[in-house]
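Got some structures for you, see below.
The same subunit A turns up in both complexes below, where it pairs with subunit B and then with subunit C.
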Partner chain A sequence: VDYQHVQVPFEITLWIMLASLAKIGFHLYNKLPSVVPESCLLIFVGLIMGGIIYGLNDKSPPVMDSDIFFLYLLPPIVLDAGYFMPSRPFFENIGTILLYAVVGTIWNVFGIGFSLYGICQVKAFQLQDVSLLHNLLFGSLIAAVDPVAVLAVFEEIHVNEKLHILVFGESLLNDAVTVVLYKLFRSFCEMPTIKTLDIFAGVGKFFVVGLGGVLVGLIFGMTAAFTTRFTKDIRVIEPLFVFLYSYLSYLTAEMFHLSGIVAIIACAMGMKRYVEANISLKSHTTVKYFMKMWSSVSDTLIFIFLGVSTIGENHEWNWPYICFTVIFCLIWRALGVLVLTFFVNRFHVNTITGKDQFIIAYGGLRGAICFSLVFLLPDFHRKKLFIAATTVVILFTVFIQGMTIRPLVDLLAVKRKRESAPTVGEQIHIRFLDHLLAGIEDISGHWGQYYWKDKLEYFNSKYLQKILLREYDQPKSSIVLLYEKLERKHAIELAEAGQLGHAPSHPSLLCRGFLCSNNDKTVIMDKTLEDTLNSDVLENIQEILARNLYRIRRT
Partner chain B sequence: LSREDFQRIPELAINPLGDRIINAFFPEGEDQVNFRGFMRTLAHFRPIEDNEKNKDQNGPEPLNSRSNKLHFAFRLYDLDKDDKISRDELLQVLRMMVGVNISDEQLGSIADRTIQEADQDGDSAISFAEFVKVLEKVDVEQKMSIRFLH
Partner chain C sequence: VDYQHVQVPFEITLWIMLASLAKIGFHLYNKLPSVVPESCLLIFVGLIMGGIIYGLNDKSPPVMDSDIFFLYLLPPIVLDAGYFMPSRPFFENIGTILLYAVVGTIWNVFGIGFSLYGICQVKAFQLQDVSLLHNLLFGSLIAAVDPVAVLAVFEEIHVNEKLHILVFGESLLNDAVTVVLYKLFRSFCEMPTIKTLDIFAGVGKFFVVGLGGVLVGLIFGMTAAFTTRFTKDIRVIEPLFVFLYSYLSYLTAEMFHLSGIVAIIACAMGMKRYVEANISLKSHTTVKYFMKMWSSVSDTLIFIFLGVSTIGENHEWNWPYICFTVIFCLIWRALGVLVLTFFVNRFHVNTITGKDQFIIAYGGLRGAICFSLVFLLPDFHRKKLFIAATTVVILFTVFIQGMTIRPLVDLLAVKRKRESAPTVGEQIHIRFLDHLLAGIEDISGHWGQYYWKDKLEYFNSKYLQKILLREYDQPKSSIVLLYEKLERKHAIELAEAGQLGHAPSHPSLLCRGFLCSNNDKTVIMDKTLEDTLNSDVLENIQEILARNLYRIRRT
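Moving on, here comes the complex of A and B:
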């Protein structure tokens, strides 16, 4: 038995297997996922596992290594989020999102840091030795809203698109602020004296980190789009490029101490448009499902490790400090949201209602990023206190806030996502209104969002598309793409219905045969759909399908 | 203001709907618009404020209500002013927005599908009520609002 040889991959695979089996288990009980969000259940499983390991070995179970988290577990989730981010609502609300992410996070950090310092001054709690700097450092890592946790919870409660994008966008973009503040305070801890110059350097660093991250991401995104222009003959490795370039952008940004999350999001959003036009349909499906799978696995693993790492001797339970941390987190977030929304509503047409504000404040979940950051802290004698406080805050937000947010959403009757099939007519009219608004803005001299969007489109069509798209003389407008997608779906449905009527003798073989021939025939349908889809062509498709189906049945 | 003044705005020249927007400012048959008329047209785009909804329900509807905003957009489609968007009018708009790379046949089928989705009284054209229905899920009040002079 040569266990040493395979130990590392074996254990990793076992953990992933455990995570996936746990997920299957939850969904077997139909009622459970609707009451308790998946993330809670996963943490619970992790807690049990941690307890078992602790009981068996009588020492602390392996704590999730911060490197593993930041380098392997986090990127897939952020990539998935960035790639499938609906860009229209995101850019419409980008001002608000940035305001919440940047100003809101700074507000939270300083608020929590200073109030905790105030608590430390109270002699009764025996916390005199926790300095202001330490408190600010702690504040900087606990204040950030976590994208993983937010995604896990908000995925199951379908709130309206704008609210979703606000909370989600904020959780993704506040990484830049968190990185800067955390590193800043940490280096301050090690410096003997702090000059004002250092503080200004910190502020400047924030811009460098944020904008640098975006720049790195965009460079890699454009390179990826450019590469896919030439992959016509090697379709099989096309999906690989998407993943490689995104991961590279993340790693490069981290290497230069820029914000990796912002980089990977910029990369994904930048390249999406061009890559989707260049790669084949099958590659597109592959990319989509691989991304979803990886991010799902990462997500599950993170929560389980959170649970496992909670058990153990890493904690110092100073209850007053911990309780006040939780309370201050809630208070400062609520205050921050209120104040910022007040300003936002003054300047924007899109008003954010009181109910939405409540959900934004309540949905500020902390998660694994805080946890990893606290383990990365340099060892000083109060580190265990911080670890304990972070753990409690995370568990509190994920369990209590995560579980109660769904009933609250129902109770407050927050506007939910409208479930409706997209229609070509709607797309046309929306596009029409875009142009109309751009024109009106030109006339009135007002540089609003339509003006910039128009300028970007113009720049895009004149320069970028020529370089980055393969068949650059035929870029398809989104109206046409949507139309083709809908017609394709319609044709498949029609052909299916027509086909099942033709050969009733082997229904199971028919279905399986039809399904596998379906994927290959979509390529043919692509070409036939270039002409108009009237009934003649439809019959054509049915003939093709019938012929091929017969061939498969014969073999 | 005359039409040439509008056409001198550079971005408007490259906007596919530029000419139609300009025409919307000028009332029937006239070639000049004064400040009042200019303001009236732009007033359609004022954001809807909550306190206005509670004011007199019996008075004339303000210019920036949802229905009037939609009516303004409808009039830009409907060039011959027969209160219907016919297939040809839709084709013209589509051609302007989609560009030159799509064949006429495909454009025609897109137009057909649009009319088919929206048409409820079977007249192969989109009336104002049908237009409103297509856009009922779109947040028109917020889309068609510009905060001037704040």
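Moving on, here comes the complex of A and C:
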């Protein structure tokens, strides 16, 4: 036996296999996943595995390597999140999301940091040696809500789209803030004296890290879209480019100390519509399914490793510090959400209700990002205490909050996600309203979101599409695309119904099925006529609006 | 800039990106790939890249790591080959393939080894220090036809299915022989004396390596099929199991010094039909496309690295040795094919024509496997000569033979692959003939391939399907599946035609399209009726045959 030769790939494959089999195992018992979130179950499996390894070897099991986490496990999840991000609610709430992500995170970092420093001053707790800077450093890593944990829990509870995007968007975009604050405090810890200049440099850095990430992401996204223009003859490698370019955007951002998460999201959101138009339908299915598969595997591995790494001897237990960390995390997040939402609601018609605020505050789960960051801390004598506190916070949020959030959502009767896709009629009306609002904003001279959206759409159809799309002369409107999709789906259903009718080999049944589908078809056809009419009318309206309003503005 | 942190994944991604972009580049000029095989172009790109690296650094560019090749680049290609292997022609010609792969390879190894040893005895060439064992070792690595190179060239020339499977099947299955002979001669080189026992052990080892590989592959394949029984609730990770289990089969086989290539092919061919029945249609598309994509990337990387590794200072040039190696490779292969085909044709009705024999002999391309094996040789003073000879043989076969084989196929008017898929009628008749021949073999007491096929089919439907399939009570016949596929395809075409008719927003066009498709539909329906009738008749025939013939045999 030559085990060493194949060790690395063999062990990786085995770990992935174990994770996947554990997932299958949960789903065999249908009742379990409906009560306990999958993430909890996976951490539990990890804890057991870690216990076994600890028991057999009598030493701590291997800790999840931060490099492996940030370079290999995190990108697929973020790519999946970015690629399937519903862009409409995201951009509609971008202001609120940024407020939560930037101001909220800073609020939490300083809130937790200073109040923990206050706790450290109590002599009875024997924590006087933990400096303010160390507390702030700890605050910066414990304050950030984790996208992986949030996604794992929120995907299962199906709250309404706005609530989901607020929590999830915040968890993604706070990465820029976390990166800056964490690195800032870390370098402060190593500096002998801190000048005021350094603090201002830190504030400036935040913009560089965030906007730089967006820029890197968009550049790679546009390049990806441009590349897929030329893949018509080799459909086989089309999906590859989606993965390669987004991964490169992440790595490039990380290389320049920018926010990799922000970069990969910008890349995915930027390239999506162009790539989808350029690549074949089957390539697109491959991209979609493979992305889902990959992120699901990463997710599973992260939670299992989280469990495994928890077991071991790298914890220092201090009741007051750990308990107060959990309490402060809860209190500062709740306060932050309350204060920020107060301001948000003053400027928005569509306010965030009290129930929603509670779920936003309660959904602030911590996860593997904190865990990896705490292991990346420079060695100092209280590192083990920080590791213990982080572990407890993660387990508390994932287990206690993650398991109770579903009953709470039920109890509070939080508005759920609508199950059905919007009808064609609704879509047309939403579009119409968009154009109307853009016109109104244009007249009133207010540069709101509709104004910018309209401008962006104009820029897109005038320049970007011509460069990035293969067949730019026939840009299909989303309604036509939807109709095509419906038609295709219907056709397949028709075929399957015909097939089913045929299976018992009664030709009469087949005939009946066929006649029925005939009728369906006519109904659909009538509807199509209506749609055509509507979209014609719509185009007219659009043209009139555009022509007249631009003229008004110019004069 | 923190490059070191992201170096490994960044460079891997960049290499893959370069390879993919090179591929796109070729296809932009439509004329190029139709004259020069893609593999040649890729090697050429590699040579240029190697030259640039050599010129800039003034030292040899990095050589393709044998571990990376065998552990990461080869498996995807072999998996793809095994999964999409047309099983009918493969099993119909399995005897011939095995004869070429086993006896043919041994013939080539000893032929090339001994004749090169003869060349070494000529004093003028200054090669007396190359021993017989070293020549045989060299022969064992240079004799094996390379599946990657063969696939790359033969996929583009579209020869008939039988010819393709003979060359390609041989290139895959000779791995077992190559592994055994290569390792045998390598250990002989290190042994002080060789006993007769060792030689017999070597012969026995061949069966262990080959059959062991098949066994490992089948075990993993069946486990994979069994696992996909339980993935109904988590469709997302279904494709993963196909990849994980086949990779594990490869690694396990390599770990036990068995033939990894044989194992992965057995695994892929074994699991295919069960996995396909268990997983969803979209998962299946993902598996198919991702496999094709992955193998295409591996393939591209291998040829580029082959080019890059060629440049450098690890060559020792000796005109006679290198020229005679090329000549002997050609001669011994041609002789081997002639002799073996003579015996094959004596026992088969469907003989291999002279033209086919020429293409089989001429299609014996060498590739990256030889290249990796020659670098794995233990250090001795003539290693660089062997590397140079191997490089020349690979470049000669890939460039000269690879580029001329297409004109030769045209010139000789070799029978091409039929373009259209077999009709439903043809499929039914083939099936019918199978059953008939199985019956005849049964009566005549001859245990031929049809007899074994029938037995296997019986075992499959009686036991395997019940264990491995989720819905084993409704095994769909391949004809029903084909009909379903046709129906679905037709429905989509119908939808798209309707869509096209709708695009210029002429309702009348849509109507016309609809009426047309109505007629098509009726035609198809009539045909279906016929099919149903036929398959009913067929089932009757089958039953009668089965019942009566088994009764006859028993009495």
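Here is the rule we go by: the second predicted complex is superposed on the first by the 496 of 555 C-alpha atoms of A that agree within 3 Å, B and C clash if a C-alpha of one lies under 4 Å from a C-alpha of the other, contacts with A are read in each partner's own complex, and residues count from 1 in each chain.
Following the convention adopted for this analysis, a residue touches a chain if its C-beta (ideal position, glycine included) is under 8 Å from a C-beta of that chain, and two chains touch if they have at least 3 such contacts.
Everything numeric here is computed off the predicted structure, so don't read it as measured data.
Once the two complexes are laid over each other on the shared chain, residue contacts for A:Ile440 go to subunit B alone; subunit C is not touched. When the shared chain is aligned, no partner comes close enough to touch A:Val339: not subunit B, not subunit C.
Measured by the number of subunit A residues touched, the leading partner among subunit B and subunit C is C.
In the superposition on chain A, contact is made by A:Thr13 with subunit C only, not with subunit B.
In the superposed model, A:Leu28 makes contact with subunit C only, not with subunit B. Contacts of A:Tyr458 after superposition: subunit B is touched, whereas subunit C is not reached. Legend: residue contacts after superposition of the two complexes on their common chain; A:Ile400 is shown touching neither subunit B nor subunit C. Applying the stated contact rule after C-alpha superposition, one finds that A:Ser296 touches subunit C and leaves subunit B untouched.
Common to the subunit B-facing and subunit C-facing surfaces of subunit A are residues 480, 483, 487, 532. Touching subunit A in their complex are the following residues of subunit B: 6, 9, 11-12, 14-18, 21, 42, 45, 47, 73, 76-77, 93-94, 97-99, 101-103, 105-106, 108-110, 113-114, 117-118, 131, 134-135, 137-138, 140, 142-148, 150. Put simply, subunit A touches subunit B in their complex at residues 347-350, 418, 420, 423-426, 428-433, 435-444, 446, 448, 451, 454, 458, 473-477, 479-480, 483, 486-487, 530-534. Across the complex, subunit A is touched by residues 1-3, 5-6, 9-10, 13-14, 16-17, 20-21, 23-24, 27-28, 30, 67, 71-72, 227, 230-231, 233-234, 236-237, 239-241, 244, 247-248, 251-252, 254-257, 282-283, 285-286, 289-290, 292-293, 296-297, 480, 483-484, 487-488, 490-492, 494-496, 498-499, 502-503, 505, 507, 510-511, 514, 518, 521, 525, 528-529, 532, 536 of subunit C.
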